[in-house]
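Letters A, B and C mark the chains in the order given here, with residues in each chain numbered from 1 onward.
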Amino acid sequence: MTALVAIATVFILLFYFYTVFTVGRSRAKYKIEAPAMTGHPEFERAVRVQVNTLEWLIIFLPAMWLFAAYVNPTIAALLGLLWIVGRYIYMRAYLKEPSTRSTGFGIQAFASAVALFGGLIGAVVALFTGGGGA
Amino acid sequence: MTALVAIATVFILLFYFYTVFTVGRSRAKYKIEAPAMTGHPEFERAVRVQVNTLEWLIIFLPAMWLFAAYVNPTIAALLGLLWIVGRYIYMRAYLKEPSTRSTGFGIQAFASAVALFGGLIGAVVALFTGGGGA
Amino acid sequence: MTALVAIATVFILLFYFYTVFTVGRSRAKYKIEAPAMTGHPEFERAVRVQVNTLEWLIIFLPAMWLFAAYVNPTIAALLGLLWIVGRYIYMRAYLKEPSTRSTGFGIQAFASAVALFGGLIGAVVALFTGGGGA
């Protein structure tokens, strides 16, 4: 079921695009001309959400694919879903009040850690048994 | 023809490196010492071009590979070429005058959308037919 | 030995996470509230290290996998190790004194260039001979 991981990847990228889009909308709303990246707290929060999503997506996407290749693709896709849920909760919370961002952040960090360390263990097992792999 | 997608990937990464290099050159030209990220409009524009290229590369690279795996690798590589062309037009325009950046931006956004939604459709079809996939 | 490249990928992502973690720790130490990205030179250096690591990771990770697919996976994993070593030296140097960052930077740039151009040559050869590839 690698196709499920591919579908999860598209939704992760679409969610990320949504954070980029939110920055652009906020830039227009508060009339902040490019290349300025500051000027209104709400715009700056939208920027931080987008940047933080990118920073973690960089970790999560390869980790999810390693988990899919060396452990299980269906569980990998479910981790992808969990990651998006955590990221969405984080985004809503951060845009309202940055100090409330830890719940959603924790959910996506948990999904990332499971994917990363699961993928690592799976790859180490494959190294010694010759099994699995993309 | 997966090799064509690999070659397109290298050129996409080289183009991205070119935007990173442009920031460094601009930093030297205007004598802006690291870690400062502001100090001259031209430097700040170069930074924005580089960051925006990174933000979209994150979407485009996985999308192009999904399109290659689930739809067609040759068309995927051509989308990669189109993406670079759009990005180059965007870069030239932004560095001269940020407000003229929409043409190139639109071209690369079109290539990204085709890769992303084409890949999604291909993966959904593969999920129900058992065909395709990396 | 694709599993070795997978393991290298996890360690690259963990190193990157370490640069993200260093930013968070520095933010707490100097009491810089989100979404502020400035406020203390040490914090700003940690941010620059993290952003620069992300910028190059974006180039290195796909390049390492192309090198693994079209040239040799074991050498690809060793390039990954070299990249982490260069990045670590760069990080230590930058946090102490930004002007001393070039040694580590050069090491990781060398690993990146070998992976990228090696991968390109391998993919071009595969295109004309029909061999190799993921």
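Everything that follows uses one rule, which is that a residue touches a chain if its C-beta (ideal position, glycine included) is under 8 Å from a C-beta of that chain, and two chains touch if they have at least 3 such contacts.
Just so it is clear, the model here is predicted, and its values are computed rather than measured.
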Copy-to-copy rotation for chain A and chain B - C-alpha atoms, rounded to a multiple of 5°: 120
Interface residue overlap between copies chain A and chain C, same or different (over half shared): different
Separation of mean Cα positions, chain C and chain A [Å, integer]: 19
Numbers and ranges of chain C residues touching at least 2 other chains: 54, 58, 134
Residue numbers on chain A that touch chain C, as the complex places them: 41, 44-45, 47-48, 54-55, 58-59, 62-63, 66, 69-70, 94, 98, 101, 116-117, 119-120, 123-124, 126-127, 132-134
Complex contact set, residues of chain C against chain A: 1-4, 6-7, 9-10, 13-14, 16-17, 20, 33-35, 50, 54, 57-58, 61, 134
